[in-house]
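Labels run A, B, C and D following the written order; every chain starts at residue 1.
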Amino acid sequence: MLKEGNIRIPSGCAISGIIDKSGAVFSGQIIADSIATMHDRSNGLGGGFAAYGIYPDFKEHYAFHMFYDDAKAKQDTEDLLKANFVIAYEEKIPTRKTQSIKNAPLIHRYFVLPKLEVLNASEMNDEDFIVKFIFNVNKNIDGAYIFSSGKNMGVFKAVGYPEDVAEFYKLETYNGYMWTAHGRFPTNTPGWWGGAHPFNLLNISVVHNGELSSYDTNRKYLEEFGYSCTLMTDTEVAAYIFDLLLRKHKLPVTLAAKVIASPLWNQVERLSPKERELYYNLKIIYSKALLNGPFSIIVTYDNGFIAINDRIKLRPLTAASQGDMIYVASEESAIRRVCKNPDKVWIPKGGEPVIAEIEQQNISEIYDKKEVTA
Amino acid sequence: MDIVIIGNSAAMVGAVEAIRKHDKTSNITVISDEKYHVYSRPLISYYLADTVTEEKMAYRSKDFYQKNNVKTILGTKAVSVDENKKTVILENGDLVKYDKLLIATGGKPFIPPIDGLDKKNIQTFIKLDEAKKLKSSIKPNSKAVIVGGGLIGFKAAEGLHALGADVTIVELADRILSTILDNESASIVTKRLLKDGIKIKVGTTIDKIVGEDYVKEVHLKNGEVLPTDILIFAIGVTPNTDVVKGTSIKINRGILVDRNMKTNVDDVYAAGDVAEGFDMLLNSNRVVPIWPNAYIQGETAGLNMIGIENTTNGIFPMNSIGYKDTYIITAGIINPPDESYDVMVKADLDKNTYKKIVLKENNIVGFILINDVDRAGIYTGLIREKIDVTPFRNQLLKDDFGYINFPKDLRKSKMLGQEVR
Amino acid sequence: MKKVYAKEEVCVGCKLCEVYCITSHSKYKDVLKAYKLDSTRPAPRIIIEEERPISFSLQCRHCDDAPCVKACITGAMQKDPETGVVTCDTDKCVGCWTCVLVCSFGAIVRDLNNKIASKCDLCAETGEPACVKNCPNEALVFTEGGI
Amino acid sequence: MSLNYLTPEFKVLRDYDRCINCKVCMRQCANEVHSYDEDLDKMIADDYKCVNCQRCVVMCPTHALTIIKHPQVFRENANWTYDAIRDIYRQAETGGVLLSAMGNDRPYPIYWDKMVINASQVTNPSIDPLREPMELKIFIGRKPDKIELDENLNVKTKMPPQLKLNFPIMFSAMSYGSISYNAHASLARAAKELGIYYNTGEGGLHKDFRKYGENTIVQVASGRFGVDREYLKTAAAVEIKIGQGAKPGIGGHLPGEKVSEDISETRMIPVGSDAISPAPHHDIYSIEDLSQLIYSLKEATDYKKPVGVKIAAVNNVAAIASGIARAGADYIAIDGFRGGTGAAPKRIRDNVGIPIEFAIASVDSRLRSEGIRHTISLVAAGSIRNSADIIKAIALGADAVYIGSAALIAIGCHMCQQCNTGKCNWGIATQDPNLVKRLNPEIGYKRLINLITAWGHEIQEMLGGMGINDIESLKGNRLMLRGIGMTQKELDILGILAAGE
């Protein structure tokens, strides 16, 4: 049977995300409890978490989380790693024996910085350098897979139910200011650890429930900008689109939201001249970055997340707030489980993002302020 | 308002229908010496020939007077008019007051003053009663002599022939239908009549009538003697102006009217065969005793009587007549009086077709069509509207001449609903 | 009133209008039967003029001031005061062709078989002129106020 | 005259039980097939002259006519086929190049028909276009790599000129001359009403149609007919025609007898003179020459109008397209070998060029691999027959399609392939005023609107089925296609999987 990367596999899912806008950190147990509530939305073939603010000791280093199928893959990868990076610290990621988590690969993490002379020789900035390195490893080293590569953050995922994955990775021992979780319901795969969510590239992680009808269009568009979609999953494509829009093209996150769930032309025509001009350009230039098909998605980046539905809301997404805490999840139950009495609960409309960001940071002004305050 | 119409034929109907379109309340009184419901006078020859019944001669439906709220005094002759007292005097002495008067008394047949007029079986042929009389007196092989080869004589001949009479037409002119045909066209028609055994004597006329009680023979001026059972005078009609004799209403040949059909006397109008109205081709007044003109003149008079200004563009002679399978349509000036006219002719005497168009300057002023009569009205229209035919002059005689030969603009303005009313 | 107008620019000269006019006024309302069975098949009430490339069909204009109605010697030709349609009462018509003489459109056809004047009645029976309905190129339109 | 070996190609069957001698067939046949025999009192037909355009069949009020392929056969021979033998007879008779019209009619594989389209089931809801928005609007033109905004979110990007299409469909280039005034009138008006574009072809823009300029693409071809400043200014876009699918490598020739006063004025050539389009542009012998012309035209239109290039699909189409993209064109129209024509040498029409399906796929792949696909629009042409072909073309990588033959069929073309004779009984491919008027533009434009509207609905339905609500998300979405009955090589070129994979 073909696994992710060999064939495109659609899947259904549960997602959940929590941020403390004050920047205060909290235990992974909370997100684990939240996602566990939606047990029935996954089928045990994939679960995972993204945690931000968990590596304060190495917050300037890129934290690579790796799956290795075998020692050879590990050796080959580490040779390549050492040739390109200074490794500040490395270890096997701590796990605990969990009954339902089977066939675990070798799981390691490395805190690294690019070697200056190699970076300079590459004539790339360090982020592009890292991305290229990741594509290289994931594509070319058989049995090796970098599944997390950001700074002061990490992705933890496996084949299994998300609550089992949390137990396996001992997530209750990690503290972060922002967490997302994912429970997966793939339709035709044995489940592969790399194929679980969240999908990550640098500091952008994506948990996603949905199926992109526009997958091949999006993918080919991304390939023109040098992305290599090795996993052939929708989540990977979504992550890269956010990477392109946010990191490479420097779009404010509100506008990135309007690219992936763009307003309809007849809506654009009703806007003010300035907005019309903006959206006209946005829609034409990024027509192939529109994510079409049903989805609810939480994209996390350095200082916050954006949760959004496809523009006709074909997948569930609920949001809530209580004090500095912002919650988003496939189902309200997953929020109520960890936040009994939210100040506000709402169901975002199709294409209308929920954006939640750490407040004390100096965030560049964003386009639609209404949408900022969740 | 009291409107009085003397006469009960086409002009009357034209007037009544025009009035009632706009005025439902004025009183209308129709006076006629004939006792009949308004009938179609031209149909008397059809009646004679048994092609229509008396029933079907009704020119308008039986409820015409009632529907139009018209009071009728029928079978009583109006003998004179007092234009000062605004009164019509009837033969029974009754007086009929009017506010507006229309004289539409039509024509009366002309009978020359010759010997023997007192014999029986001598009559004229313009009224239903005369047709009835004729019909009752004719028998198969009766010898009928018709004096006058004009329209009435021609139709009388057809009717009498149909009844099996032995018919002879006597015509003073050198051809029959001399007012509407030229020599060539008349020859086609003559040929057709002769084929049916109708005899035609041209260039002569009646000299005297011989017989005891009844007419027995007719002597012609050329010396010929025609055995005769029935003699019909169809020399022509003159305007029946008797009713206005002795009044200040001006008469020339007919009662003179302006283009509103008004006479020289206020509130008195005249229309139809009695009126001498404007002939647009001659550019002068003329009596044109034909049915369509009577209706149109009556209509014009009617409108003006109720205060709606209306003028006719003028009239001109036009006729559609036929004998069995021979059809004749003519209009306007067909025998140009001088060199200022142009004539175009196309004839095929083998096929008995003839087409003649008379032009003055750039306008058609008359035409004769024999047998090839379809769409004749296009020419009539060109005459009536005085359309400059220069752009298609050389196509006028084409067999299928039609709107396609008109300049596009003219064609479209006519055909596409932009016609000027 | 609604009248039939011809767009000569798109008249293809097929004469189907004539075929359907005959059919519509035949006692059979079927082309095949009208042509194959109807012994008293009526004359078409349409004039088709053609001088290639121009062609058009022309039918009674139902003039407001209809000269044919005024000229008719029998009263057969009538204009309906309500609908404005000019029709010929074939019972009364004697085939004198005075209407032919006065119709400046030449739109009145002599039906010589039946010796009656034959003219467009806008297919009063069916409510929609058959020529318009069956014109394959919409060269005939039935409309108010001209085109 | 020596014996003509050719036997009739078609046979006119007349059901005399139904024939009413109305002569409609006779009046409608420009080939003079039908006539009335007075002696027989019957309509008769000359089968030799029949081209099976079916005008008479359609017009006959009693459905008395049927045209069939003439049953006359040659002895069965898989090699010396009917056409092969008859072509030789024709050439032996005339000594001339065989001419034909419309597109390649040989039984080459039709790859559209070997591709099937995906639909959503369970994991992805299909979208009902009757209930949900479904966008078909697209833009043709170069797209910037990225949007540039200032701090106040004002757009700093300079958007190159775009053609806005309400449907991903345009009417192919068909010149006034090859098709009639009324055909152009129908196309132009339909394009305007639909919010799409029609293309003048290389015969200039008739003055009456300048009012449709906003929906007009004007062509600049090797003959430069009708090209002047106003022509360029009037149009919404300018298209340099290098070649067409029906006759790659061949020029054009409108015989002098078709150059009427009107055409003469439109093409800017003398009445009655042959209008010859040279095989190449004699100022374009290389890609750099093309670039010069592209920029000349951009200069002439103040960089306000897209300048496209139309080429025939030939072996090296991918590399050529890449060159054109880099030469500055705003769009490339690629015309496959089944594209139609008003006249082409039959051998060329039937043997030169490649299928559009491969051309589009390989051009799209090539431009993507070079990272320049998003900088240029791609228009697929050459026998797009229905909305499914459009879906497939776009999924293979086209931004839009051109339809020519389909548009003509919509307004009456019956594919008799006799355009070159100028006797089109449907008033399309003719300049004979008697025939031109048979195409009523009032009807024609509505039929075109109907066709495109219908296809639009079908496209929306198919998109909805795929779970897509914007045609943009179909572009290059080859995963939505699967192949049936193709070799692996063919699948690879098309970049699609086999059905079941």
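By definition in this document, a residue touches a chain if its C-beta (ideal position, glycine included) is under 8 Å from a C-beta of that chain, and two chains touch if they have at least 3 such contacts.
Since this is a predicted model, take the numbers as computed values, not measurements.
*Asks:* Select, from C-D and A-D, the pair of chains that is joined by more C-beta pairs in contact.
*Replies:* Greater number of contacting C-beta pairs: A-D.
*Asks:* Determine the centre-to-centre distance between chain A and chain C, using the mean Cα coordinates as centres, and give it in whole Å.
*Replies:* 79
*Asks:* How big is the gap, in whole Å, between where the Cα atoms of chain C centre and where those of chain D centre?
*Replies:* The separation of the two C-alpha centroids amounts to 43 Å.
*Asks:* Averaging over Cα atoms per chain, report the distance between chain A and chain D in Å.
*Replies:* Comparing mean C-alpha positions, chain D is 47 Å from chain A.
*Asks:* Roughly how far is chain B from chain C, centre to centre by C-alpha average, rounded to an integer in Å?
*Replies:* Going by mean C-alpha positions, chain B sits 28 Å from chain C.
*Asks:* Can you pull out the residues of chain C that are in contact with at least two other chains?
*Replies:* Residues of chain C never touch two or more of the other chains.
*Asks:* What chain pairs are in touch here?
*Replies:* A-D, B-C, C-D
*Asks:* Within the complex, which stretch of chain C touches chain D?
*Replies:* Answer in residue numbers: 7, 9-16, 18-20, 31-32, 35-36, 52-53, 134, 136-139.
*Asks:* How about chain B: which of its residues touch chain C in the complex?
*Replies:* 14, 40, 42-43, 46, 51-52, 56-61, 291-292, 295-296, 299, 318-322, 327, 329, 331, 373-378, 380-382, 384-385, 400, 402-405, 411, 414-419, 421
*Asks:* How about chain D: which of its residues touch chain A in the complex?
*Replies:* 120, 122-125, 127, 132-133, 135, 137-139, 143-147, 149, 151, 153-155, 157, 159, 162, 368, 371-374, 466-470, 472-480
*Asks:* Give the list of chain A residues in touch with chain D in this complex.
*Replies:* Residue positions touching the partner: 8, 10-12, 187, 210-211, 213-218, 220-221, 223-226, 248-249, 251-252, 255, 262, 264-266, 274, 277-278, 280-282, 284-288, 290, 292-294, 311-312, 314, 365, 367.
*Asks:* Considering the complex alone, what residue numbers of chain C touch chain B?
*Replies:* 3, 5-6, 8, 47, 49-51, 54-56, 58, 61, 63-65, 67, 70-71, 73-75, 91-92, 94, 96-106, 108-110, 145-147
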